[in-house]
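In what comes next, chain A is part of two complexes: it sits with chain B in the first one and with chain C in the second one.
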Partner chain A sequence: MLRKLTPYLLALPLMAFIAVFTYIPILTSLDLSFREWDFMSPDRPFVGLDNYTQLLNTHEFWNALRVTALFAVISVPIRLLLAIGIASFLVRETAASRLLRGALFLPSVTSTVSIAVVFSWVFATDYGMANALLSLFGLPKITWLQSPTLALWVIIIVNTWKQLGYDIIIYIAGLQAVPTELYDAAAVDGGRRFHVFRRITVPLVMPTTYFLLVVSVIEAFQIFTIVDVMTQGGPAGSTNMLVNMLYRIGFTLFDIGQGSALAVMLFVLLIVLAVIKSRVLGRKVHYEA
Partner chain B sequence: MTSKLQSTLAISAFALLASATSASAQVTVEFWHSFGGSSGEALAQIIENFEAANPDITIEAEHVGNYEDIVTQLQAAIPAGREPDAVIMEVTRYGLFAERGILTDLTAYLEADPLRDELYDFAREIGVYNGKNYIIPFNSSTPVVYYNKDIFDRAGFAEEPSLETFDDILAAAQQITDELGDEGVFGIAAPGQFARWGLVMSNDSNLIDPQSGEVLLDAPNTIEAYEWMASLVHEHEVASVDNVTDEDTGGDAFLAGRVGINFASTGNYGSAREALGENLVVRPMPCNKVCSVPIGGAGIGILESADQDVKDAAYQFMSFAANPESNAIWFSATGYMPINRSTAEQPLAADALESKPGIDVAINQLDFAQGRPRPPVVTWMRSSEYDLWQAMALGQRTVEDTLTEFAARTRDEADRLAR
Partner chain C sequence: MKPDNRLLTILALLAGLLFLSPVLYSIWMSFQTATAYYTGGFEFTLDNYGRAIGQYNFARYLFNSLLVSGLVTLIGITVATMAAFAFARFDFPGGNLMFGAVVATLMIPSHISLIPNYLTLAGVGLLDTYAGLILPAISNGFAAFFLRQYIRGIPRALDEAAYMDGATPLKVLWRVIVPLARPAILSMGLYIFITEWNSYIWPLVAVGDQDLYTLQVGLARLYRINPGEGPIDWPLVMAASTITLLPVIAGFVLVERHLVRGITMGAVK
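Then we have the complex of A and B:
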């Protein structure tokens, strides 16, 4: 009997941990999304789907969804393309490549708040370094964080700078797993460098690409800190992401019901996206050389 | 021998009991506040003095961010049961917490405290919500006009220009920008939210009527004041756009000698004086249509969830922090206004009034200072106003349309909160 129970008993602490810190909050959030609550009132009246319908009827929700989707659609491909390109140069084991790998990985382990604060100074219109550099070449000031068009691009640049090192390291691991015989054979056949990259490297690192795609899309839809520090969703809502909107509704405007409804919608959206990615790309991923 | 042993045991038992009794009488008050830097040091001094006078009470003070951070952290801490015993609350933001029964009604405490009669009327008034006292004033302020004399001199002002109306301020800011713009100096910092409220009041309006609670965001004079403020940035370009997207940069640039004029709280006096020294000049807020300034700052409230002995200890501390000696420490270090009628008689305060020019400007404005409304919707309104101000100041939306829509949303939100 004890022998049968042992595996369950061993797994129990971890299961309890996951239940307490993952599943119970998810279920609580789901419950709160059907209620009206402001953190302080003892009552949490059931309001059915009101929170969802109110959200769907606001311009802010559709704008935040559009901005977040735009951010993901632009930033994820840029990150992956840059990462695979740089990783293919840094895959060789030389002293310089090891140094560069470390340098590129540093932003990933640096505090996001610090990075966002520093880049706020860099991209300040009148006091920032970016415009100071432009002025050296006689170029006019650019309103980086005040222009509704440019502000999103600044967020994309900063986020890419922060996350790129992680993507590169994962790609290097993927590239190192590609059998060298395939490259040797391609060299014997006179394959050009680009063709070797396209026909051998890209298909064989597909599992890595797929993994990074899943992770980076989730990250993109959950971006918060950089936006909160640099633009607070402005100007004119042009960088207002779903999680920033969620924070504002829940923690600034005291509407926990609506904030939870938005969290549930984001959760469902990410699951739908994961299923779509799995259906569309999953078949193209091969784990054997 | 036996009797010696018995005596020793008896003494030991008594000592143990006495120490246990003393330990159980020790009360700790967890206190959240919003003061760092020199203000934080002044608060630490007051707490140290209090603990020396009350050795059975320990104040565990924690700096948890600005006023808005406190509101956010407090509402997250309440359902988790991790709220502090006492907390600094900004004067327009505590109404919601009072309404929801989170803050203790301090009326009985204050009625029995001689402090009640020592406080200036304006200071006593800021703690009253729906006829009851919920916070005891600690740091009170009004916005004032700060300017950098060195910048004014370099911009060619032979004598101090009038800074009484919006036109006066714009003219001065324009001259500074024209003369020193190439050196990266701006005429004025785009006003922060407290100053925006003050400028609306000096244009004979308000955001919400303090008496009736009526939303005045779309009143013609409010719109006119916002149009003027927004024009400083996008039309006249005498204020940096950076101050709009990050309000702190306006004050920082002023302290760094890159901005000529700055509207800010009198509580900024200490840091401004430290940065600019004798070049700091303080003047009253403009009286564009009328002379009227808002009273800002914060007071200390006690959480209803605290135990009775902790509440008593917390109130003792709050009363001590508002006494003339403590208030003099606070006033002389920060520039926040005296709240106690006897503060000015304290040597520290008298010395500050003598040696720190301009520290009395806010006090002189008290003749036309007004408390601000604090219904629950104010917290929502202030949080939402930032985005709209950005859109208006950057010229992305017209002021009239923005404020008309904002007023309607604020009325809806007020109705929702009242339900």
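Then we have the complex of A and C:
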């Protein structure tokens, strides 16, 4: 009898944590999104789809959706292009490439808050590194983080700087799976380096690219920390991402209903992307079999 | 080493230093006085660290981060290993369903549980406690998924030999599986520790009491709520930032390869 119970007892602690802090919260969010509640009052009246329609009628929601989508659409291709280019140079196991890989990878495991703080200094108007470099060339100061057009680009640069090493490592793993005979054959044919890159490297790591593409888009839609530290969504909402908006509605305004409605909408969007991802990865496995 | 290899290595070193220069410069800056920094000179001091640790409570934040990340890692890896053993070695009704639920957590974005977890913990009086910081962080299925795959690669004959000798399942887990899965367990422990060390949004939400701030929350606060009038005291902020960065950088230098292996295995699987 005890024998039969053993696997259940072993799995129980993890399952309990997952149920309480991951699965039940999805249902709770859904339920709260149909209610009006400020976290304080004793009752939580059911208001149907009100929270959703109100959200869809705010400028802030559409702006946050636009800014987040813009961030994803610009930053993901930049990351992947840089990563595949750099990875194709660092794929060989030499001391030089291992060294550079380590340096490039380091930011992806370090504190996002620290990185955001350091880059707040880099892009500070006075005494910042970026403006110091500009002044070397006699160029005027730029107010990077106070400019509604530039602030989003700064966020993109910082995020790319942090995540690039991860993309590179994944690409290197993908590239190392490519049979070297293909490169040798191309070399025999007198293929030039860029030609080999375009005709052989890029198509062969397509599964890796799909994987990174979907993972990075999902991640981009959840960006929060860099924005919270560097701009708080400003100036003039130009960097206000969906999760930053969620944090503000939920934990500054304590509008639990509307915050939950926003969480549910973002959840549905990300789950759709995640399903696309598992389809894509499923296909990759199929190819390899 | 051939001379052109040495040249390449030096070039790679320079490129790496250039890439990391903002962080390297911030560490350098943390050892200067603010006056020297703003007037363009250099004057060595440890005063920024003294003030960050003393006046601005960073010793406490460091302690909190170590405690919280340490306990999340310990509890997280324990429950994950137990579950992974169950999923890898037992055929039981509901087992596949449960494993599916574990794998599915990898797809579930964490923001959906932010408000509900806040309410749950408020309901049982665990906001503003260490437990409130720790418990929700354990509900991640990645380590269990990864370890289950790894344990399946260990020959079953080893378990069976131990069972023949009269060992209990727990004993098999502890004496056979855990020692053989050590590299995977270490990789995952490291992964959990780093993820938790860098975690920001949950500690920001779950804690209002300054004495319970983790380094991430403390650093963000110190930077945003600029102490004093006038320009930001960058050397002080960078000392705090260095305290936040350094443990992970030090760990990284020691165990980079384990980390890379864990991450690429997770991605390619």
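Assume the second predicted complex is superposed on the first by the 251 of 289 C-alpha atoms of A that agree within 3 Å, B and C clash if a C-alpha of one lies under 4 Å from a C-alpha of the other, contacts with A are read in each partner's own complex, and residues count from 1 in each chain.
Going forward, a contact is a pair of C-beta atoms (placed from the backbone, for glycine too) under 8 Å apart; a residue touches a chain by one contact, two chains touch by 3 or more.
Since this is a predicted model, take the numbers as computed values, not measurements.
Q: Which term applies to chain B and chain C once both are placed on chain A by superposition, clash or fit?
A: After superposition on chain A, chain B vs chain C: clash.
Q: Under the stated touch criterion, which partner chain does A:134 make contact with: chain B (first), chain C (second), both, or neither?
A: neither
Q: What is the contact status of A:178 with respect to chain B (first) and chain C (second): first, second, both, or neither?
A: After superposing on A, A:178 lies clear of both chain B and chain C.
Q: Mind working out whether A:206 is in touch with chain B, chain C, both or neither, as first, second, both or neither?
A: In the superposed model, A:206 contacts neither chain B nor chain C.
Q: As a test of reading the superposition: which chain, chain B or chain C, is in touch with more residues of chain A?
A: C
Q: Considering only touches as defined above, state whether A:70 meets chain B (first), chain C (second), both or neither.
A: Touch partners of A:70: none, neither chain B nor chain C.
Q: Touch check for A:78: first (chain B), second (chain C), both, or neither?
A: neither
Q: May I ask you to decide whether A:111 touches chain B, chain C, both, or neither, giving the answer as first, second, both or neither?
A: So A:111 only meets chain C here.
Q: Would you sort A:120 into first (chain B), second (chain C), both or neither based on which partner it touches?
A: both
Q: Contacts for A:237 in the overlay, against chain B (first) and chain C (second): which applies, first, second, both or neither?
A: first
Q: Now for A:157: first (chain B), second (chain C), both, or neither, which partner does it touch?
A: In the superposition, A:157 touches no partner, neither chain B nor chain C.
Q: Counting clashing C-alpha atoms after the superposition, which of 7-15, 43-51, 79-87 or 115-123 on chain C is the one that bumps into chain B?
A: In the superposition, chain B collides with chain C along 115-123.
Q: From the superposed pair, tell me which chain A residues show up as contacts to chain B and also as contacts to chain C.
A: Comparing the two interfaces on chain A, one with chain B and one with chain C, the shared residues are 39, 120, 124, 126-127, 232, 251.
Q: Contact residues on chain B for chain A in the complex?
A: My answer: residues 68, 72, 75-76, 78-79, 96-97, 100-102, 184, 186, 240-242, 244-246, 249, 253, 258, 379-380, 383-384, 386-387, 390-391, 394, 396-397.
Q: Write out the stretch or stretches of chain C touching chain A in their complex.
A: 1, 5, 8-9, 11-13, 15-17, 19-20, 22-23, 25-26, 37-38, 78-80, 82-83, 85-87, 89-90, 92, 94-95, 98, 101-102, 105, 107-120, 135-136, 138-139, 141, 144, 169, 173, 194, 197-198, 200-201, 204-205, 215-216, 219-220, 223-224, 231-232, 234, 237-238, 241, 244-245, 248-249, 252, 256, 259-260, 263-264, 267-268
Q: Looking at the complex, which residues from chain A come into contact with chain B?
A: For this pair, the touching residues of chain A are 38-41, 120, 124-128, 143, 145-146, 148, 231-237, 248, 251-254.
Q: Give the list of chain A residues in touch with chain C in this complex.
A: For chain A paired with chain C, touching residues are 4, 6-8, 10-11, 13-15, 17-18, 20-26, 28-29, 32, 39, 94-97, 99-100, 102-107, 109-122, 124, 126-127, 129, 166, 169-170, 173-174, 211, 215, 218, 221-222, 224-225, 228-229, 232, 243, 246-247, 250-251, 256, 259-260, 263-264, 266-267, 270-271, 274-275, 277-278.
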